[in-house]
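Chain nomenclature is as follows: A, B, C and D, assigned in order of appearance, with residue numbering initiated at 1 for each chain independently.
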Amino acid sequence: MFTRILIANRGEIALRIIRTAREMGVECVSIYSRADQSSLHTRMAHVAVPLGDGPPATTYLDMDKVIAAAQETGAQAIHPGYGFLAENAEFARRVSAAGLAWIGPPPQAIEAMGDKITSRQAMERAGVPIVPGTEEPLEGPEEAAVIAERIGYPIALKASAGGGGKGIRVVERVADLDGAFRTASGEALGAFGDGRLYVEKYLGHARHIEIQVLFDSQGNGVHLGERECSIQRRHQKLVEECPSVVIDDDLRARMGEVALRAGSSVNYAGAGTVEFLFEDGDFYFLEMNTRLQVEHPVTEMVTGVDLVREQLRVAAGEPLGFTQADLKFNGHAIEVRINAEDPAHGFLPSTGRLSNLRLPSGPWVRLDSAMYRGLEVGTTYDPMLAKVIVWGPDRERAIARMERALEELNVGGVRTGAPAALAVLRSAGFRAGDFDTHYLENLDLHAPAEWEGLAAAAAAVFRHKRAHRRALATTSANRDPWLARSRREWSDHARRTARREMPDA
Amino acid sequence: MKYFVTVNGNTLEVSVVERLGRLRVTLGGQPLDFSYEEADQLGQVVLFSEGRSYGVSIEGGDTEVDVKLAGYLYDIQLEDERERAAHAAERAATGGGGPVKSVMPGVVVSLCVEEGQTVEAGQPLLILEAMKMQNEIDAPQAGIVKAVHIVEGQAVAAGEKLLTLAAEPD
Amino acid sequence: MFTRILIANRGEIALRIIRTAREMGVECVSIYSRADQSSLHTRMAHVAVPLGDGPPATTYLDMDKVIAAAQETGAQAIHPGYGFLAENAEFARRVSAAGLAWIGPPPQAIEAMGDKITSRQAMERAGVPIVPGTEEPLEGPEEAAVIAERIGYPIALKASAGGGGKGIRVVERVADLDGAFRTASGEALGAFGDGRLYVEKYLGHARHIEIQVLFDSQGNGVHLGERECSIQRRHQKLVEECPSVVIDDDLRARMGEVALRAGSSVNYAGAGTVEFLFEDGDFYFLEMNTRLQVEHPVTEMVTGVDLVREQLRVAAGEPLGFTQADLKFNGHAIEVRINAEDPAHGFLPSTGRLSNLRLPSGPWVRLDSAMYRGLEVGTTYDPMLAKVIVWGPDRERAIARMERALEELNVGGVRTGAPAALAVLRSAGFRAGDFDTHYLENLDLHAPAEWEGLAAAAAAVFRHKRAHRRALATTSANRDPWLARSRREWSDHARRTARREMPDA
Amino acid sequence: MKYFVTVNGNTLEVSVVERLGRLRVTLGGQPLDFSYEEADQLGQVVLFSEGRSYGVSIEGGDTEVDVKLAGYLYDIQLEDERERAAHAAERAATGGGGPVKSVMPGVVVSLCVEEGQTVEAGQPLLILEAMKMQNEIDAPQAGIVKAVHIVEGQAVAAGEKLLTLAAEPD
């Protein structure tokens, strides 16, 4: 096993990896931008390497800097987390060329799965079912219109180089095609440096179901069951669970077998996820994510397998050491992502300083979080601040536990998607297991009317007390005009420095 | 003091009077059994009302307050009588139009309308990129674009005015 | 099921119960003393009833007030937690007499097990093995000396009415008997209002192993395996685990059977724990705790059973609904108690204000805590602030996970026993499973020499920076003598109020 | 500034000099590669030393500091040169005796010695009840009880003087 690894990431996933590495006795090197110098991943590492003051392109995405940081600190391997350089085959190659181990699949597997179009072709050849649509990039909206006519509306325009919901637009009718093509292509160009799009039949009431797989470099592979990820907003997952209510043992075995075939066909190694659309008992290959996924904890809670540990073991050349038959699925797990966003305003990003944190804990509640009091949430990085994960012996109890955990959670200073997740958990359709990827779009996300009056009264008293405190301050300051001025100056100064001078406050 | 409190689109009248340290709160003219204890100085508050207690979190300023209660967020606007009158006068002057503000910091990647153009409610006004997502900013109501305050490529802060709409003359 | 219950407790256990009740859709009434008005158990309840400003005797221990609070708020049942009134048969009777359900065993069972002496007699009759010693209260130290002569030193003096390590003294030789008798009796008198003592053979290298049992009121009973609680200081448990390395399936079944027999003999109902001393393969009945125990979470993590849920179900008259064969033991769990105490100074209590909290979380880490920033830790209540619980697929991984979690934990403002727990987890004897109840006494609890220099340098820089800040403040203040005075006054005022005026700080 | 830093019973010499915002630290006369960044104002500090970083927590005052590092607590006493000289003089004057202070708040339930009595190291001086436990407070060294500052039944605060011991004359 490695004695020291570098984690080429930040936020909750960097912490997640640090935690397992520490438990394995493996030291961690963190890298950090100036903005992240007080972040938890910086504080919890054994060695933290500054990458300077700049946007991701000159820090977390700068391959030279990242590899140099590993070499200078004696790290033997690099874990990319998710996002950033996690699915960059060139980076994987350069890591290996630098004599370091890459904690991820072989670069060829990343490449084969990284391009939506070639991956569709490869999967078709491997006998994996796929959704009807194009495989070549579209020339323009006109070509999209022709294909849409053939496969029928609604269709989805997707970025060839895309992922994570960026550069995707659903088009219901030909009139919207031009505009959708323009914004999707622009977004794809901005996000991936590649504005090419392809088109696919849009399944109207599909569920998003994915299979976690794990391969060692000796060619052994197992699947760890499915994750149900249909609760999405803006094509971004919000609530995930394991298992799915629509997948029985037989279907799990069949989807697992197909997912393993997909991985084998590209000589996969390490942890990966094969995403499917599921509709009316049929499933279609969507894409393979050649990395650890945000929602991996629900699989961990149900199987007891630490996926990061397995990633490190596989990267160090160890065989899995267990077979499909050794894996047991126990109970039910749910994850809710805590994003800085405003569900009442179309999930637009929310920014601010985390001033007031009340974090959920207690029985069977897991918190994977990078939050701390004082954290500045801006728009430079991904808005995901934390994940709340719960386990229960069955789905009903897991839902009740997550409701309880979300009631305990309070993130002050920004708005988060947690109230929307709570609305999902309390909705009849979700509880009955009857939902698809559009479920959240149609849900009423207003806070319940029951407490409107109480909330209104509380807000009025809040303002009253603010005014009262201001009045008191003004009265005492007004006694002497000179004092009033000096106090005001001091007050600004105090606002910046008082807590520094009062470590015990 | 009397406040007009808007929550979930409903406007409620709340009066708050403090005498000798005791709060008296009315909601819609009716006295409310209500107490308010600050558990810390960060916004954690314990409310007691009608025999129940509620551990809530309250943050904000004078006119915009977030109340978090039982996992839900109540997004609340407050006006006192003077502010309400001023806002009503302003609405009367602009015919119900007003500024369209950015709800988040971002960059204007594309402007879809120009000054003087008539727009429908829901029509895209511009596209704002934030956190690597392109977000369509739509017209909150039908009207005429009275002024455009930004240009393509411009970075805008949260709360910054993007355009001003005027209600269409009848 | 009840729709509303009252929790006659405070701290982490009140929160623990609230969490399960919320998940079951049962509303919670908390009671609180003036000192606890901002505590989490007060904030997280549906209804919180103040019991006034006073010591436990006039608040949490005042039976009239507690029962009145339940009646006034429409609670249908009372959960006593542990400590306070949990093992008070009179209270249990009065709760029932008031028409409320008692979430605990029948008063007769509490009584039968509450007196150490009568419980020993009852267990002897039921065929449960017991430790040699007296059953009658001692007349005085002279009688203790006579019996000690017969059963051999070392002996243990124990409070007849005792529990929780209070009123216990181990005596190695006759010369120490007088003093030990006096302090133990005094402590027992203070803690329980009853200074009577009994004497028992003190097993020199015994382990403390206990069996969790659960009975419904229909007479069905199951055991949920053992907990290993040998890591103790001052007769108080510090580290607990499930399972124990010395208990195999056969022994677990035998001890479970004996524990069930002990419970049945007193017509037990609800959750209870039968404690044994274990030495050289033999086990002796120590006592039965007729309540939920502090360390119950390790059993929960390994069995998946929510013990508080089962308590509520049993109290509501529901049958268990599962049998011994349905219970599966999965993996290994460890708990560490976070007490406000100073391991470097004989675990004496530590008091202060929690100024700086960094709480552990992440994969398979559970935190049962009543801590929040600003909490005043005094000497009125039990010093236990929180419990960290981890699960792992095996003992080795659970230990590594707990080490990681304790490294993440920081409780600023008071000292805690966490470093001592870390020293235990890292000691060769503990890792080998080779320890007894004296293990902790003989462990070197000094922080490792490795980082002494670094810590010394950090402390010196800390002082340097304090001095520097003070110098800066003095210099700027000295510019104008009038200003200096006003600033100093403001500064004191600011210390008290600045945070109130800066909610965003 | 030079400090005498006592940790785990060892006294180390540390000097700290800050020039133009850069720290220079020596430990036992040897320069130490050391940086100190405050992560917040509550005591969370990131240390960098000899190519490693450490997320530590530091609390205390000028002479007593708790450094928490990797889950361990380093209980540290600091003296500067002036304080060290003063303490040495004090020890010389009292012959190595000094006050016995309470390490916790509690109530004196029983006093086991009286003024003028000779005590051995480890001999019980009094019993202090705190958090419902009776704690024996033992003599830290052999000596003579020079003064008793408390009476039975008295509540004492942490840090309060209980007795003063004087070293026995040779």
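Note that a residue touches a chain if its C-beta (ideal position, glycine included) is under 8 Å from a C-beta of that chain, and two chains touch if they have at least 3 such contacts.
Predicted model only: the values in this text are computed from it and were never measured.
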Path length in the contact graph (chain B to chain D, fewest steps): 2
A-D compared against C-D, more contacting pairs: C-D
Distance between chain centroids, defined by C-alpha means - chain B, chain C (Å): 48
Averaged-CA centre spacing for the pair chain B and chain A, given as whole angstrom: 29
Junction residues of chain B - those touching two or more other chains: 42-44, 59
In chain A, residues with contacts to at least two other chains: 44, 355-356, 372-373, 403, 407, 413, 499-500, 502-503
Complex contact set, residues of chain A against chain D: 37-38, 42-48, 73, 372-374, 499-500, 502-503
In the complex, chain B residues that touch chain C: 37, 39-44, 46, 48, 51-53, 55, 59
List of chain A residues in touch with chain C within their complex: 15-16, 19-20, 22-25, 44, 297, 300, 304, 306, 330-331, 353, 355-356, 359, 361-369, 372-373, 393, 397, 400-401, 403-404, 407-408, 413, 469, 473, 483, 486-487, 490, 494-495, 498-505
List of chain B residues in touch with chain A within their complex: 1, 3, 5, 7-8, 10, 12, 14-16, 18, 23, 25, 27-28, 32, 34, 36, 42-45, 47, 49, 54, 56-62, 65-76, 78, 103-106, 109-110, 124, 127, 129-136, 158
Chain B contact footprint on chain A (complex, rising order): 166, 179, 183, 186-187, 190-191, 234, 342-346, 348-351, 355-356, 358, 378-379, 382-383, 403, 406-407, 409-410, 412-413, 415, 418-419, 422, 446-449, 451-468
